[in-house]
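Down below are the structures I want you to see.
Both of the next two complexes hold chain A, though its partner changes from chain B to chain C.
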Partner chain A sequence: MSGLSLHKKLEKNAGLLIFGILFVSSIGGLVQILPVLFQDSLKTASANTVPYSAVQLQGRDIYIRESCHACHSQQVRPLLAEVKRYGPYSRAGEFVYDRPFMWGSKRTGPDLHRIGGKYSDIWHRIHLIKPRSVVNDSIMPAYPWLEDEPASAAGDIQKKMQVLKTLGHPYSEQEIEAAPSMLDGLTEMDALIAYLQVLGTSAETSEEQGHH
Partner chain B sequence: MADMPNDFWSGWIVLLTAVSFIGLIWLVLSVYFTPQSETQASDEPVWDGDIREGNTAPPLWWFWLILATMVFSVSYLMLYPGLGSFSGALRWSMGHELQQNKRDYATKFSTISEDIIASSLADLQARPEVMKTAGNLFNQNCAACHGYEAQGQASLFPSLRDDEWQWGDAPEQIETSIRHGRKAVMMSWQTALKDEGVENVSDYILNGLGTSDSASHAGQAQYNLFCMACHGEKGEGNPLIGAPNLINDIWLYGGSMAAISESIAHGRQGEMPAYDTRLDDVQIKILIAWLKK
Partner chain C sequence: MKEESQQFYHDEVVTRLVQFSLIWAIVAMFVGVYLSAELLWPELDFGQFWLSFGRLRPLHTNGIIFGFGVSALMATAFYTVQRTSHIPLFMPKLAWFCCYAWQIVVLLGGLSLLAGWTSTKEYAELEWPFDIAITILWVCFGVVFFGTIARRKIETIYISNWFFGGLIIVIAMLHIVNNLAIPVSIDKSYSLYAGAQDAVVQWWYGHNAVGFLLTGGFLGMMYYFLPKMSNQPIWSYRLSVVSFWAFTYSYIWAGPHHLHFNSIPEWVQSLAMVMSLILLAPSWASMINGIMTVSKSSVKLHNNPALKFIVLSLAFYGLATFEGPMMSIKSVNVVSHFTDWTVGHVHSGALGWNAMITYGVFYYLVPRLAGRELYSLRLANIHFWLALSGTILYILAMWAAGVSQGLLWMSIDELGQLNYTFNDIMASMKPYYGLRLIAGLVFLSGTILMSFNLFMTIKGKKTVKVKPPTIVKASEVAA
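This part shows the complex of A and B:
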């Protein structure tokens, strides 16, 4: 049978055509995505990676709510210029507790994967309230309302941790039990800063990276 | 994909890739090399007398283009990783390339790096290209807090242009500040001093310290009791513990009566993060030279 006669058969049989389209368009996924789901190295936490604390987790959701990820990537690529600028390149094992991860591919602002520890808490606070007061040519919007809401307002923390636990994040019952009290007295700003300060702190040293 | 889960998935990728590839070849060949008879089946619809499906072959340059992409993809999969766990004839990997780039970088700059480590700060300050690089490093790493002109800002982050160095101005002290960071803690004295004490001590710091009639000032006794241990009898400060000088008229958190009272009543916390994982020895050295200039 030639390609043309197969084509003639397909265009006259809608069911066969639908099946053919689904089959052809699934090949890419079957080759590139399916095997990765079984690749352990992508599912195993790297040595220093631990699940987010209740406060950090809440901060992460605020980060997503405010669309920080629309302008900031969280992925240091294995290129000399990036490693020199941002620090050790990002490894898959550092993101196992990120659901979803926020690698991103567009940098309107700088990459944030290695931001943890680079600036003090108070700097982040000032910068989020009024970016131009510390970086005078910054184009980042201000987020003053983060000071106004308690951290607990950004969603039911216990429910989030329960759901993540069912997905395999090793939260203990005690941790989930204590989660609301961890948020006591903190604002959304505090939670977001706690998240920013832990970002990328599980980096392997550059010597360790040399062995891969 | 050096860490493929097992041979099954590696084989799966190779097989699917090969089958799709062979399928594509068959499709292209059969479109270009189908006998006329088959394309002119009698049950085909005909328009305007002689227009029917397939009676003009697709342009030949399509064929060459498709052939070229096929040759490219086969060559690529032979040379580079992609076909299951096969790592490609070139043994290329992104990690190795980065390591190579790092080695090339180190080699390229080894002479100048050794030269910088061996040079005195004064020599480095006399080299415009080194100072320019240091300025760029400062903008990249330090300016967000200390400002693009190192002028300090936000009444929180100290100026690095003046002669006041809270943690000491010796190159070794500056190096420690950069490498390991600093945490300054001024306690809250509201409970100990009460409102009146805060006011008296603030006034003493502004108007009494270092003057001839300081002994008669109402705030001196409490200053000597609570503040002197860190800030010194004459308010000269102590860089070893990050206690700032109080008589040089440089005020990080503001020099008004109100700002000083606020500092005393509620305390201050200053933090400089550690940069030893972000900057290497050469970078730290030229930064110090730049800062001391």
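This part shows the complex of A and C:
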């Protein structure tokens, strides 16, 4: 059998074996993953999608630091029940300024992609400090420490925006210049709420969706 | 300098790695139990940021995969590559460096997760300084492993080494590509990929980290230790060849099944589903090869905890690698996605397959490394039943929780209105989460029992010195 005799060569030569593994295991990535990385529609912002403001970006990084994604997805699937429960289904163009993506793999708590504007700022504040005072039976942890730190403590905002600008997020020099003053007087809690309130607000209206 | 074949195998580093692996198993499983208690009593974080669910959760997963899992894989790769090459480890000092430096990286990495340093990418949460350290150590691991193979005294590279080799090569590729990022500060970086593209790259990594580390790497263990314990050659050499290459080829495509109905191209999802179904064949081929090897054996399972654990692990391996492709079918995934079913699936693999095969190998290995009988056969048999019942209870609880979540979330009345609020569904999970906590405690107590047993076995003993066998060629015998 020639296949087996070819393999006899492979299993007697460590270099060939290494090369064989590398070659065979990379085919899938080259055919399936690489085209996705070159697909322009996946990196083109949808009509209403803009980069996060300084405060929202800082809030997003606090969301990341606390690993909110461990229990909350940000991905409304195109299913009747999900659209009923959460709002318009998620589209790739809404996530082009998300580094990293925050879709999650588990909904211990509800999806948050369309949470923006659904509750007041004060509701979020109370909920984050004492979850069970506003949601019976909630098993969410409390985040009291977010009130103690200024928003500027969660990382150098100018450096962050500069890095994102390098990666193609359209921040102007003036925006980066003004960023620290935007955080003045705000706590980490304020920044996180600002992020939650902008989440998913770039959904296109139903007419726009119908048009596509 | 002595002729290499006259030198002893370097097994001391194996003993040390086994010890580290056991410590991580207890620590990371305890964190898992604590997390499951937090889902019942959220106040258990006592208002401390470092005890918060979000920060503890990656400590649990990283502790298991990189602490327990990789330490066990390094130990068994070092042990088996010497015996299948008939030569001591290449660059033993580098092997020791891998052993200790790896523990330091996992320890500091774990602490950094508690401090909130995270990239959020599942199983790749550690921030860029750790990613670089892991890359360097992984290369060192590869140098020791392939260096030993390159100088082997046996012409053919044995099957277990292909799987360990696949582990080293493919994980290096996945780790580097997925973690590409621009640093902002020591604790923060931004991914080179954004949104949908980031998602596809991450799950190409995430799925194949499971594939080549938790599946392939541990199959490397199986292909050496199962025939050894059964006193039988592997049932079908040809099947192992076919299954290895089919496995290496097809696993890589399956990642996007973690993103069904998400905002990624439809063709990517469907292709991932088809390849996931195909993957069932090479996955089961290794299971069949293992089971057939044992079934030919005259070694009795009775009073042989090591072999019992490995045979049981193959059963759970078969279950998990069947369940995976089923969950990748879009019409099943629509129910299972985002639910505790996924958590149950991961644990049927992690507890039933990874932990149990490791336990079996350790029960075989430690008495041989110590040169002394296992301290207590009785404790090992008790451990077997604790591990089995803990795993089954865990899986059942999560199936029940996950299937109800999935179906209740989707439940709508004839007017198209939702039947249940999210909160009501979440609140109804309490009994399942309670069962899961008990299951975790049972499994953890078994692990502690084993660690005690193995500690007593090795206590006060130096690692036995073993030389490569002197082989006389058949032609010389004839002459």
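Keep in mind that, in the parts below, the second predicted complex is superposed on the first by the 206 of 212 C-alpha atoms of A that agree within 3 Å, B and C clash if a C-alpha of one lies under 4 Å from a C-alpha of the other, contacts with A are read in each partner's own complex, and residues count from 1 in each chain.
Convention: contacts are C-beta pairs under 8 Å (C-beta built on N, C-alpha and C of every residue); 3 or more make two chains touch, one makes a residue touch a chain.
As the structure is a prediction and not an experimental result, all values here were calculated from the model.
*Asks:* Tell me which partner A:H69 touches in the superposition: chain B (first), chain C (second), both or neither.
*Replies:* A:H69: touches chain C, not chain B.
*Asks:* Once the shared chain is lined up, is A:V135 touching chain B (first), chain C (second), both, or neither of them?
*Replies:* both
*Asks:* Compare chain B and chain C by how many residues of chain A each one touches, and report the one with more.
*Replies:* C
*Asks:* Going by the contact rule set out at the top, does A:I126 touch chain B (first), chain C (second), both, or neither?
*Replies:* first
*Asks:* Quick check on the superposed pair: does A:L4 touch chain B, chain C, both, or neither? Answer first, second, both or neither.
*Replies:* Both partners, chain B and chain C.
*Asks:* Is A:L22 touching anything from chain B or chain C once the two structures are fitted on A? First, second, both or neither.
*Replies:* Only chain C is touched by A:L22; chain B is not.
*Asks:* Does any part of chain A touch chain B in one structure and chain C in the other, and if so which residues?
*Replies:* Comparing the two interfaces on chain A, one with chain B and one with chain C, the shared residues are 4, 27, 39, 78-80, 85, 135-136.
*Asks:* In the complex of these two chains, what residues of chain A are touching chain B?
*Replies:* 2-5, 8, 27, 30-31, 34-35, 38-41, 78-80, 83, 85, 87, 89, 117-123, 126-127, 133-136, 209-210, 212
*Asks:* What residues on chain B touch chain A, complex-wise?
*Replies:* 1, 3-5, 9-10, 12-13, 16-17, 20, 26-31, 34, 38-39, 53-54, 94-95, 97-99, 101-102, 105, 140, 143-145, 147-148, 153-154, 156-157, 269, 271-274, 277-278
*Asks:* With touch defined as at the start, can you tell me which chain C residues reach chain A in the complex?
*Replies:* Going through chain C, the ones touching chain A are 38-40, 42, 45, 47, 49, 52-55, 57-58, 116, 118-122, 146, 149-150, 155-157, 162, 165-166, 169-170, 173, 177, 182-185, 187-188, 190-202, 204, 212, 238, 241, 245, 248-253, 255-256, 258-259, 261-265, 268, 271-272, 275, 334, 337-340, 342-343, 405, 409-412, 416-418, 422-423, 426-427.
*Asks:* List the residues on chain A that touch chain C in their complex, please.
*Replies:* Where chain A meets chain C, its residues are 4, 7, 11-12, 14, 17-18, 20-22, 24-29, 32-33, 36-37, 39, 42-43, 61, 64-71, 73, 75, 77-82, 84-85, 90-92, 94-111, 131-132, 135-145, 155-156, 159-160, 163-164, 166-167.
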